[in-house]
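Below, each structure is written out as C-alpha cells.
In what comes next, subunit A is part of two complexes: it sits with subunit B in the first one and with subunit C in the second one.
Moving on to the complex of A and B:
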C-alpha cells in the first residue's frame, strides 16, 4: 500500500511540473491518516503521564463524555463540508432539553413523546437555519448566530429560567443506562457515527454534500438542487443536536436552560481537529469522531494530572489553531 | 537624446509558465495622439498594457518622457504620469463617487490624515466640470449605472494629470451617446498634449478617434500604421493574417435529424433573437468575442439562467429548461468555460469529479455502488487517455488538459444527445488539445450533436461543420464550413 502510494506520487510529479513537491504533500497525508496516529500517541502519552488514565473504567468514561459532543460534531461536519457553519448547536441543546424534559415526567406521556419532540424541535430549528441561509442568502454564520441567541432565549422563556426535574426512569436510561455493560450514549455515538459515515461517504446525499462545498457553481451545473440540499444538511445537524440534547438531559436528570454553552465551538473544534476543512469539500465522520476523542482524552488526562482548567483551555486553543494551520497549508496549493 | 515619442516600449517579452504571451513586441506612442492597440483575444494587448502599468514584470525596455521607466508597480507608473482605465470596473460600491476618485490620495487637513471632505467634493466637482460630467459626487458608487461608473473611472484616470492614459475597452459598457461624450473628453485631452492608448474591438470607434494603430497577433508585433492609411479590410487582414498551422482531427460525420432547435431566444441585456438548430453528428461552432453574449446564450440553453423569451425544441418537442437538472434529464451536457470557477470540484478526487452529474446511474437502493463507479470511470480514463495515477487522485493535482478530460468524462458518462462545450481547450496543452479535438470528432461520428463556443478562430474553423457568428448579443450570420475563413467571420461580425 505504502509503496503503491509513493509510486503514484512520483508518477504524478513527473507528469506535471507546476505540481507541488512531495514535501508539501506531507501535511495532506498527515491530515488524512495522521489524525488517528496522533490520537494513539496522545493515549500513549497520557497512559505514561498518569497511572489513572489507562484502565477500562476511565476509558469508557472518556468515550461516554465524548459521545454527546461527538454526535453534535457529526452534524456540524456535514455543515462545514458544504462550506457553512453552525453556531446554534449549544443553544439548541438547551431548548431541546427543557422542552423534552417538560414532557418526560413520570406517568405523563409515553416515552416516544419527549423523544420525538426533542429531535423534532432540533430538526425544525435546523430547517430554519438552512432555509434562512440558503433561500434568504444570509451567510450561515449570521443565520445560525441568530438562532443561537433566539434558541437560548426561548429555552429560558419556556422554563422560566429554572431547571425542569422529575424525569421518568425510562427517559433517564438514555443518559445513564447500560446495554451489555456499555453505557447507552456510547452505543448511540457509535451507531449514529456508523450511519452518518455511510450517509456521507456512500450515498447521493453525501456526494452532493462534498460537491456543494467543493464548488457550489459546478454543483449547480451538475444538476444538484443546492438550496434544497443545504436546507436538508442544516436540518440533519439540528436533528443530531436533538439526539445529543436528549441524552445530556437524561444524564443530568433535568432539563436545563443553561445547558450546552460553548458546545457549538467544541463541536466545530472536533470537526476541524478531525480534518474537516472550513474551505469546504473536505472532511470525514471518522475524522470528526477521532477529533472529539482527542479533545476528550486531553480533558480527561489533564484533569487526572490535576492540571488547572485554565491551562487546559489554553492547550485546547493551541491544538485547534494548529489543526487549522495544517488545513490551510494543505489548501494553499489549490 | 530627444525623440518625438512620449512612450517607447521595445523588445517586450513575457512568458506565462513556458508559453510566450509576448515576444519582442514594440509600441511607440507620440505625444498628443490617440494610439489604437489592436488584435484578437489573446493577442497580448492587455498583457502589454499591464506590463506598462507595472502590474506584470516582463523583459524589454520602456522609455517614458525620454527616461527609462523603472517598473516597480502601478503606484510608480501613476507618479511618472501613466494612468489606466481597466477593462473590468473596480469600484468600491459603498463609498461615494468623490471618495472613489481620490482613493488613496484624499486631501487632508495638513498632515493629520483627517480627510478634508469639503475639498474632496470641490475637487471632484471641478474635475467633472472640465469633463462635462453630470454626476453627484456625494452619491454612493453602487447607486450609479454601469455607464456612469465607467465615466467615473475615466474621470479618475484623468484626475491623475497623466501624460499617458491607457484605455482598455472603455466603451464596452456604455451607449452610443456616452461614447460621443468620451470622444469629446479624449479630443480635449489630446489638445492638452495627453497621449492615449486605446484598446477596443469596435472598428468604427478606432477609425473615428485614433491617429495611429499598432497590431499584435499571437504575442507578436505585426506593425504600426497611421489610421488613415488603413481601412477595415486591411486592418482585419493585419489582425488575422496568419495561415492556420494546426491540423484538426475532424472526420466527416453523417449529419442526421435535428436534436436541438432554438427560436428567437433572448435574455434581456445579454442576447437577442438568436435562432439556430444543431443536428445529430454535427458540430456547430459559435464564434464571437468575449462578452458577445455567447456564454450567456449557452447558459440559457442549459437552464442556468433561463431566457426571457423565445422557444427551444429538443427532438422536435418544445421544452423549457428551468434548471440544469432539467437539461441533464433531457440528455444535454455542458463543459463550462472556466474550469476552476464552474467546472472542477478541486478538493475532490478524479472519481468523484466524474460521477457528480450522473450519480443516479450508480445507485443501488440509494447506495453508491463503488464497483460500478470504478469500472465506468476506468473506462473513461482509458478512452480519454487521462493521465492520473489512480481514480482517487485529487483533481487539482492533474494538469489542465487532464482536468478538462475528466470534466468531459463527467458528461460522457451520462451518454448525452447534445454536448455543449464552452472553450473546450482553454488552458490545455497542445497534445491534450489534439486529443480533445479528436474525441469531439468521434463523438459527432457516434451521432452526438455538439455545440462549441470558442474564442480561438483556428479551432472554430477547424472543428465546426457550421459557424454561428454572434456579436454584441445579436446573431450576425451563419457560415458553412466550406465558405468560412477568419476574415469572413470578422466581416460578418462587424457588418
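Moving on to the complex of A and C:
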C-alpha cells in the first residue's frame, strides 16, 4: 500500500515537472538535438526539391559516399576535442593508398598484408604527429602541417607520381563489395562509429580526452598523463585515416598519390558542423556522423538538381556556416 | 649560447659557399662558350611534365647546351623570382612553362629587357603576351576539347545527351577543353549538354559525381570528361550500376592507366598530348633563338592525337619507349 502511494506520488511529481518544463523543454530539446533537426530539415528540403533524392538507392548512395570522410572525421573529432587539429589526413590517405596498393596485386601477398600495412602506416604517421606536438611542444597545427606536406611528398616519391592499379578482387571488396545488399563501406562506417562513440562516451580514455580539451593544466594536475594521451589520440586519428584510405583505394581501384586533396578540411568541417568545438572539450561521435551526412546530402542533392558547380560551392559554404551558426547560438543560450 | 653562435657562423659560411658556387657556375657558362638555356618549370612532381623535362634534358645534351632547370613548386611569384635570377645569370635563352598563364607577362618583360629570347612551352598565354615572346611551343588546349567531342559526336551519329565532367574550376585546361566540347555540340542540333559538373580532375570525385548523376535518372548517352582520371571514375560508377555498355565515355591525356581502359573497351575516346615532342621542340627552338637564327613560325604546334581502340597499341608502345628513356 505504502509503496504504491509513493510510486503514485512520484509519478505526479514527475508529471508536474514535465508540464511546468514544457516551455524550457523545446530549447533544451533543440540544444541537444539541434544539428540532427537541421539535418532532418535538410533531408526534407531536398526531398521536396528533387524527386530523385528520397529513395532507398539514393540514400544508400549518400551514406556510402560519406563513409570515407566520416571515418576520418571521427578521428579528427577526438583530436579537436583535445584542442588540437589534424591537417595531415588528406595527404595521409594518399600515402596509405599507394603503399597498400603496391602490396595488393592479385596473387602477391595475402589480404591481411596490405590491410595491416595500411592501418599501420596511418597509425605510425599519427604517432609521429602526436609525439612531435606533445613531446616537442610544437603546436599541432604546425606538426600536422609538416606531416601533410611530407606525406604527400612521400606518396609521390613512393609511386613515382603514378597511380598503382591492378588490385586483387578481395582487396577491391573493401570499397565496392556489399553484405546483405548494404555496401561494405557503410557497414564499416557504422561499426567504427559505434566503437568510437563507446570509446569517447563510456571509457576512461574518453573522459580524459574531454578533460584535456577542457583544461589541460587541470588534467595534468589530476594526474592524467597528458602527453601519452595526446600521442594515443593522434595515433587513433592516423589509424582511422588508414582504414578510410584502404576503402577509398579499393573504391577507385588504384593507389593514387594525388588522392585526398583537401579531405582534411572536409573532415574538420564534418566534425565542426556536428558540434565539435574548435576551442576543445566539446564534441560527440554521433554529431560528427551527422555532420558528415549533412555535407553528403548537400553534395548529392545539389548534383541531383543539376546546380551549376560555381553555385554549388557558394551554397555549400553558406549552408555549412549557417548550420554551425544556428548550432552555436543555442550553445551560447545554454 | 656558444653553441648557438657557432651554429650561426656555420650557417653563414654554408650560405656564402652557396653564393660563391652560384657565381662560379654562371661564370663557367660564359667562359667555355657553351650555350646556357634557362628553364623555369612549374612543378617537378608531375608525371606528365616529368616526361617533358626528360625530353628537354636530352634535347639540351644533343644540342651541346647547358640546361638550368628550376622548380617553381606551383607558385607564380616564385617563378617570377626564378626567371629574374636566370636573367641576372645571363643565360642565352629562357624556356618558361608558366605556373599560371595570366601571370607570365612580368617574366617575359624581365627577360626581354635584357634582350634574352623567351620560349613559352605547353601552356598558352594570352594574345598580348604571345606578341612579346619569341616562340610558343605546345598544343592548343581548345583543340583537345573539339577533337574529343567530334569523335564522340561521330560515334553517337550526331545526336544524343551529353554530360560534361569538368576539372578544377577556373583552370585554363578546364575552361578551354569544356569550351571546345561545347563548340562542337553547337554544330549538332540533335546533341545537347544535359549535365555539367566538376570532379576536380580526380578519380574518386569522378565516381561520386557519376553515382549522383545515375541517381538523377537522367538519360545520358555520353560522359565527356576534361581528363582521363575523371573518365575512369565515371567508368567505375557506370560499371557498378550496370550501365557501362549503354554509355560512351571520353577522356583527355592518354595516360598509361587510361590506355588500359581503352584496350578493354571501357574508355571509348581519349586524346594524347605529346610531352616528348613539346620538350624537344622547346629546346630546339630556344637554341635556334639563342644563336640568333630566325624561326619559320613563332607558333610551333605539337598536334594532339586521337586515341581509340583501333590505334591504342601504338601509344602503349610509345609510353614504354618514354619510360625506357627515363632509365
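In this section, the second predicted complex is superposed on the first by the 286 of 334 C-alpha atoms of A that agree within 3 Å, B and C clash if a C-alpha of one lies under 4 Å from a C-alpha of the other, contacts with A are read in each partner's own complex, and residues count from 1 in each chain.
Rule of thumb we're sticking to: a residue touches a chain if its C-beta (ideal position, glycine included) is under 8 Å from a C-beta of that chain, and two chains touch if they have at least 3 such contacts.
Because the structure is a prediction, the values reported are computed rather than measured.
By the touch criterion defined above, A:256 lies against subunit C but remains apart from subunit B after alignment on the C-alpha atoms of chain A. Touch criterion met: A:281 reaches subunit B, while subunit C stays clear of it. In the overlay built on the shared chain, the residue A:300 is in contact with subunit C alone; subunit B does not reach it. In the superposition on chain A, contact of A:228 is made with neither subunit B nor subunit C.
After overlaying the two complexes on the shared chain, residue contacts for A:308 are found with subunit C alone; subunit B is out of touch.
Contact with subunit C, but none with subunit B, is seen for A:163 once the two complexes are overlaid on the shared chain. In the superposed model, A:219 lies in contact with subunit B only, and not with subunit C.
After overlaying the two complexes on the shared chain, residue contacts for A:105 are found with neither subunit B nor subunit C. Considering their complex, residues 50, 52, 57-58, 61, 65, 153, 156, 160-163, 165, 176, 248, 251-254, 256, 258-261, 299-300, 303-304, 306, 308-310, 312-313 of subunit A touch subunit C.
Listing the residues of subunit A that touch subunit B in their complex gives 7-9, 11-12, 15-16, 18-20, 198, 202-204, 207-208, 210-211, 213-215, 217-225, 277, 279-282, 331, 333-334.
If you check the complex, the residues on subunit B that touch subunit A are 17, 302, 304, 323-325, 327-329, 334, 336, 341-348, 352, 355-357, 359-360, 363, 366-368, 370, 387-390, 393, 396-399, 402, 410.
Chain contact summary for the complex, subunit C toward subunit A: residues 45-47, 50, 166, 169, 195-198, 200, 202-204, 207-209, 211-213, 215-217, 229, 232-233, 236, 240, 256-257, 260.
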